[in-house]
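Both of the next two complexes hold chain A, though its partner changes from chain B to chain C.
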Partner chain A sequence: MTPAQRRAIFLIAMAGLAAFVIWGISGLPGFGRYPGPYGPAILKVAEGQTNATGIVSAVNFEYRGIDTVGEEFILFTAVVGMTVVLRKLRGEPERPAIEEARERAQPAGGAGVRAAALAFTGPTALIGWWLATHAQTGPSGGFQGGVVLATAFLLVYLGGEFLTFQRLSPVDMTDAAEAIGAGGFAAVGVTALVLGLPYMDNYLPLGKAPGAVSSSGTIALISFLVGIGVAAAFIQIAGELLEQTMLVREGGG
Partner chain B sequence: MMTQAMQVVILVLVALGATLVVMVRGRVRQVVALSAYGIGLAVLFFTVQAPDVTLSELVVGAVALPLILLLTIARVRWRR
Partner chain C sequence: MAYFPYLVAAWILACGLYGLATNRDLIHQIICLIVVQSSTYVMLLAAGYVTGGIAPYFSDVPGTPKAVDPVVQALALTDVVVEAAVTALLASFAIQAHKRFGTLDPQDLAEFKG
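Right, the complex of A and B next:
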């Protein structure tokens, strides 16, 4: 096939796709004019029922909490899969991290990178923690908080060495944290069943004031657990990849 | 009016960013462009009043995805 023919076929396909997209978009309701019954219903009852002012969190962690458990376990399974694929193979010698650190006279990256990484580590950890623990009060949540928290650990690697990163986040600990996060989330739901309530029902005290950090019962607890689990998952993903890059040598090499 | 102007500006920037990701040559540069595009998308979501999605896009598009790609590229390079 000549390039000209290929281009002709591409243009025909693009014209068809564009037509469908324009047709689809022209049939959408106007911005902010959601026609379904659930949006307005949730907005009306959510704050009174849960004492959470972060309505998105209330939906994610309670009204459709069972979906979010599934999502949490998607991430969990992905990390397990990655750990299995990136395991050390037979004949692939792995150096201890201390050796890798000794080989380099200086950590990678200039003084500017190190200073910036050092300056950002504390604030990043704080923002991550804040996001994970304030899902009930506003637009944040365990997932976002967890990734930001993991970023703080990666800044430690960026400003120092893989050795420091590895010591700061030993695999046993991230394994445990991930299990506590994902398992805890599922357990919060099962506890509701034990109490004779529907799965993921909010059985903890909701607190007095809507929008307080201590309010919203299981929503705040689940968000925190998700934060721990997601942070551990991302630290582990980055750790596995870094380990492959830095330490594992191919067979015979 | 002000919000709509911001939405138009950021929509144009996102379209430019997406084109940039495709046009840029070199894997590492492409990842940096992708990260910038992620930040653009996050701002877009913010201007259409979705702060929750903004945060998610920020952490996935600007941090997690570029990080995983960069580490993978580093590994593949080292193999050669």
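Right, the complex of A and C next:
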């Protein structure tokens, strides 16, 4: 099929899709006139029931907690899948990336990149930790915090230190952290069953004041566990891809 | 104007699909898929918007004021996580395809398959 033919077929299909989408949109309530019952219902009760002032976190880690377990395991499965897809194939020439890195005389980035990356590593880790532990109070949570935490490790790599990146994130450690994050999340839910409550019920003390860091019971705990799991998952994803870059480079040159 | 944000989502979807159909590089196509998925964020957040509503965070707001729907915002978060997982997997498939066949052009890859 030539690109012109491909484009023609695509445009015909898009005309159909456009008609369908416009028909669908015309049946929606206008922007800003959301009629759904769930949002307002949760907004009314969430703060009183959970002592969390971040209602999105309350939805994620409490009302929709069982969904979020699945979400956490989607990420987990993706990392496992990546590791399997990128495993060493038979007959593939392979030299560990760590040797490659050792032989590099000069770090990849310039001095400015290096300095900036190292200067931002500490603050980035702090912000990640803060986000992961403050889901109950504001617009943050384990997923966001975990990604920012993983970024702190990647900044070390950006500073030109693949060796340090690998030393900071050994596979055993990130494996364990991911298991603690994902398994801990599921375990928090199962503990509720052991206590004779529904799965993922909030059985920890809710704290006295809404919006305090110590408030909201299992919401804060789950968010923290998710933060650890997500950080480990993203460090592993990045580590796998970076290692591949080095192997491919070796094969090409 | 009442439907404008929905049309923005539809336009982003169309841009992403156009890229998917016309690009001949797996990495570009993965990026186009991310664009397609971005349209769902706009759609979700637009669907949950309430005129005059504040963000559903009440740490410094007394009482229970009018706020936008927190459920679709939580869904958007799920959406982002799934996108990250899908992107990571697709990227590793692309790496493996390039390693085996030395190309990232989907048309050439189809020829290799026979």
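Keep in mind that, in the parts below, the second predicted complex is superposed on the first by the 222 of 253 C-alpha atoms of A that agree within 3 Å, B and C clash if a C-alpha of one lies under 4 Å from a C-alpha of the other, contacts with A are read in each partner's own complex, and residues count from 1 in each chain.
In this text, a contact is a pair of C-beta atoms (placed from the backbone, for glycine too) under 8 Å apart; a residue touches a chain by one contact, two chains touch by 3 or more.
The structure presented is a predicted model; accordingly, all values stated were derived computationally and were not measured.
Asks: Is A:Y34 contacted by the first partner chain B, the second partner chain C, both or neither?
Replies: In the superposition, A:Y34 contacts chain C only.
Asks: Counting only touches as set out at the top, which of chain B and chain C does A:L154 meet: first, second, both, neither?
Replies: The answer is first: A:L154 touches chain B but not chain C.
Asks: Specify the partner with more touching residues on chain A, choosing between chain B and chain C.
Replies: C
Asks: Scan A:V56 for contacts with chain B and chain C and give back first, second, both or neither.
Replies: The answer is both, since A:V56 touches chain B and chain C.
Asks: Is A:L131 contacted by the first partner chain B, the second partner chain C, both or neither?
Replies: A:L131 contacts chain B only, not chain C.
Asks: Based on the superposed arrangement, let me know which partner A:G211 touches: chain B (first), chain C (second), both, or neither?
Replies: second
Asks: Using the touch definition from the top, say if A:L242 reaches chain B (first), chain C (second), both or neither.
Replies: In the superposition, A:L242 contacts chain B only.
Asks: Looking at the overlay, what does A:P139 touch: chain B (first), chain C (second), both, or neither?
Replies: After superposing on A, A:P139 lies in contact with both chain B and chain C.
Asks: Looking at A:G184 after the superposition, I want to know if it touches chain B, chain C, both of them or none. Which is it: first, second, both, neither?
Replies: Neither chain B nor chain C is touched by A:G184.
Asks: With both complexes superposed on chain A, which partner does A:I74 reach: first (chain B), second (chain C), both or neither?
Replies: Only chain C; A:I74 stays clear of chain B.
Asks: Once the complexes are superposed, what residues of chain A are shared between the chain B interface and the chain C interface?
Replies: Touching chain B and chain C on chain A: residues 31, 56, 138-139, 141, 143, 147, 234, 237, 241, 244.
Asks: Please name which positions on chain A make contact with chain B in the complex.
Replies: 31, 56, 131, 138-141, 143-144, 147-148, 151, 154, 234, 237-238, 241-242, 244-245, 250
Asks: Which of the residues in chain A come into contact with chain C in the complex?
Replies: Going by the criterion above, the answer is residues 3, 6-7, 10, 14, 17-18, 21-22, 25-26, 28, 30-34, 36, 38-40, 42-44, 46-47, 53-56, 58-60, 64, 67-68, 71, 74-75, 77-79, 81-82, 85-86, 89, 92, 137-139, 141, 143, 147, 210-211, 230, 234, 237, 240-241, 244, 248, 251.
Asks: Looking at the complex, which residues from chain C come into contact with chain A?
Replies: The touching residues are 1-7, 10, 13-14, 17-18, 21-22, 24, 46-52, 55-59, 64, 67-74, 77-78, 80-82, 84-86, 88-89, 91-93, 95-96, 98-99.
Asks: Any idea which chain B residues touch chain A in the complex?
Replies: Answer in residue numbers: 48, 51-52, 54-56, 58-60, 63-64, 67-68, 71-72, 74-75, 78-79.
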